[in-house]
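The block underneath contains the structure these notes are about, expressed in structure tokens.
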């Protein structure tokens, strides 16, 4: 932590800051510049968010952290990449894998039809929500446990592992009984009670970035899960909220290489939620593979215009087949370099 | 809902849309313009978010909702303003009330000292967190039930009703036993499991706007609580996230009159979290009263530089006294007009 | 400037950075922490944006500036506040002044009618655009020099000094012949050719913040004008662009106290452009006075629904009278404290 | 344009709106719904931004435009894609072309060395600024005409056409004498005086998106150039400003397919300015090719750590060679589909 003093801060104020730094367990390192005195607080600042409170002391202009605040999620803590195995599927390994399926489980027929189609097209995992976070209390809220059972049946039939969302800490045990990967949704990215709960689960977690979450905050949310004992976290970029309204969200494609520079955890991209319109999902999927994503998450629905949620952004199975073909060629070029 | 067809959409495509609109229970109303055909879907669009899925149909350019999606929170549903009584305190009435206290309950001594000071200065309610949502798992997470007990003791001594945060749906019952108002925090504004849980509580709810929540989404979150049976919701503007980094958040002062135009619910402003630096809290508090807020929420701490959280933005008790004096004069001018 | 080295940066890399710092004219000051070595580049970093290029050197994690990059605009350079005199009007002095008038000069009749009305209601200056920056090339682009002549006539009749926009560096001389204050518009806040041109003018400049300009960038744009020799710059907060679409822009009310903390230049607020809807202009004007603005800029039009631009946000003269009355009482309370 | 009336708007107010619509030259088309009356204003709304002023009329809730406001830039006006020829180079054709070079022309030696290197690596055009828009007045402002002459010499030697920025309308003629493509920079995207000036030039224009510019506004800025008579406009996505600070800007990769859906103009991507750190330029360049960009703009400098501007994001020539190789394979896959 660097504490920058105001230009006119006198010795007394500087001394007070030094004494305070030492009182909270750090070593002070003073550097007098032409215009400013700056004081380094030497020690591990990560456990001392309280150092920020120095901003309240007389003569202090600002307090600047030096270290990133996460540890377990950091490349500094772990060499190499985390590869998460879900059945036969490896996320974070040489292949860019594809998770596909409908936004919500609506019926056994709808889900099985989709599961068979995406399996046939080459998807590695099946997605589908049984508990749905909806902006409106009047929208379809999901089928609950019945939806989970349908997902399990689809896995049995197709062999595809299942990713599904959990919204309430008290549901983690239930969802874990049926699902292969627990999804923490965009709106729950800083629901710390939920993060701690999935951190105690034995299934891997897919953690979606919030619409307003910085990469640092996303990594801190992953840190909650890791610190609770669950090492298997994959991050998911799904578009952030910006001033632009031409798309549902702004896909932050740069997040992929920047995250992979900072963390050993795998990074998945969800172009469907980012763009919100099915006809732009294909080019974004190609971009995501090209930029180095470890996986894609794609919404597929057999009858999008009658979908109970996210119809506008869902691909029909035949379009999904095309997508799988087109990304394969790019994946071969791009992933080879990485291996 | 208005469905705008593409310029070159032929009769067949237009007919398909009309038939589909009727199939989901609406009446279609066609209007052929110079450049576009537009089709109105007449009926209550609020229960049919699914109409958005028309974007997936051939020939459709876009789908535009006409109605706001909330009902119970809307001024169209209720005449006059909702006034929430908490003990002797009225929120939404003629007086702009002040909720003050530390970010977190840290000890009985700290809380009681603060409670006495803010009571003496004229505050109407006491705030203080026992369950703390912290970005870092390594930061102080709050005292839990012990903190709730301290809050209750402070109420006994000072007579100030207590506002405190609940983070986990399973804690609602516990928190309700001690608190007078349940706070739903910024990061939980779209934690729908929690919204439903506080919607079933018998205590009023203070719902904080998320850092990237639109006013419409905030009202939809309020709608969740109202639709679950709890009529006593106060909204809280506490700064949104923008590109500007000179402040912790950007206080969206316009949200106050715009919300009050749309909803009958009271609107409170939290300048402390918005600006993040204690020395700017006073001018923002004055602005909030001037713009017509029904209440203020102010962080006060007897020893900010040793606070376990939010030290930089906490006022010392003597500064809080000054704030109370300065806003009183403005309140008298502004509120008189409203009554 | 602080250069933070990567955790694993060896001595050789640290030495290379030190040598480079010295080669560009600075003194290096090394501090070895528990996790990182950080190197201070001691000297005036403001003239050496190039220090940022150290990010390109092996072993460097990041480069953090310590000083604000502006000088002439900074409170560190000048004691007290800049007070700009325009005729009898003082901006930055004890009174919060009001600049009012239509978005665009549309005709002599329209402007004179407005000028008389705002003068009578107590405005201090008249605004009105002769050169209009319009998003669409098909929208009314302003009356040009004819509009300037009408503004001059309005000044003659009412005695109100005139504020009007200049868009093209080559028009500065022309506009200066007629106007009392040159306005640089939102979209030109980083039009450096224009900033240099008005920096050479002898009339004061009203510099509007851009929709996505940070306060630091705004002050750097003011610095361009000051550095070109024109000391009379007033800043104008007029709303920034955020994710929220309920208003035209988000009024960044906190910008007022934060700017006044950093700079000696006066700060004006334009609530009309910020909110974009006339019925919310009054509460925002009250908030702006309460927060400590040195002036307000308000759009007034005698017939808003037939205005050639900005009709939705223009007040009718009778509403403007009410606004002047209501802000006066707040101004008396707030400004007294400041004097 | 659709005018939505308030729920309680009576016949008198509805009639007033109808009469007003007709008075400004439109036909009114009334549709009474269950909750709202909506009135369509039939006619070409693009020339009547004034219809927005209906928001000022009693009983009106909101005014919603139906048509996009641009014409010449729209796919509705022109079939097929605009292909811009600059010497032998085609932008918008089957190949994704690469424009490379330093941020600023610093010396003949620096530019020629870079020009030769990028030519050899396969670049199609040379970039380099002679007039530099810098946030700080104390930063290097470019070499001016001397820089233009150096650019012309580099073209002579390498055969690469030259792209360079023009900042002042009065410099257009000068820059046009030396450059092959006129660049309008990010901060000038709504400098309408400049847009009109380059609209009268005979050289193609590369129009960079502003940090805060929506795609619709970008197309309106292109419309200014097109409407002034210059058909040869290429758009450039270069990152937008968001809340995220881990990168210099947020590359809006979705802008490419969305723009190409709306306009016939070519779209170029500048990953260097978007990300601001050289080591992430390569993956973003691959993503840009994969998503369907017509061109890339890449900053290359022979000695980035001593560059006078944009050092941190500039590639050394040897890294640029690698980039050219890697994007070629992706280009072959992706562009084939488009042709």
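All chains are identified by letter, namely A, B, C and D, in their written order; residue positions are counted from 1 within each chain.
By definition in this document, contacts are C-beta pairs under 8 Å (C-beta built on N, C-alpha and C of every residue); 3 or more make two chains touch, one makes a residue touch a chain.
Please read these numbers as outputs of a predicted model, since none were measured by experiment.
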item	value
Contacts common to subunit A and subunit D (chain labels)	B, C
Farthest chain (mean CA position) relative to subunit A	C
Separation of subunit B from subunit C, taking each centre as the mean of its C-alpha atoms, in whole Å	31
Computed distance of Cα centres, subunit C from subunit A, in Å	38
Centre distance in Å when subunit A and subunit B are each reduced to the mean of their C-alpha atoms	26
Numbers and ranges of subunit C residues touching at least 2 other chains	212, 241-243, 245
Residue numbers on subunit B that touch subunit A, as the complex places them	20, 46-47, 49-50, 52-57, 69, 133-139, 167-170, 187-188, 190-194, 210-212, 217, 220, 223-224, 227-228, 241, 277-278, 304-309, 311-312, 314
Complex contacts: residues of subunit A adjacent to subunit C	2, 4, 7, 29, 31, 33-36, 38, 40, 42-44, 64, 66-67, 76, 241-243, 245
In the complex with subunit A, residue positions of subunit D that touch it	212, 214-216, 240, 242-247, 250-258, 261, 274-275, 279-280, 283-284, 286-292, 326, 329-330, 333-334, 337
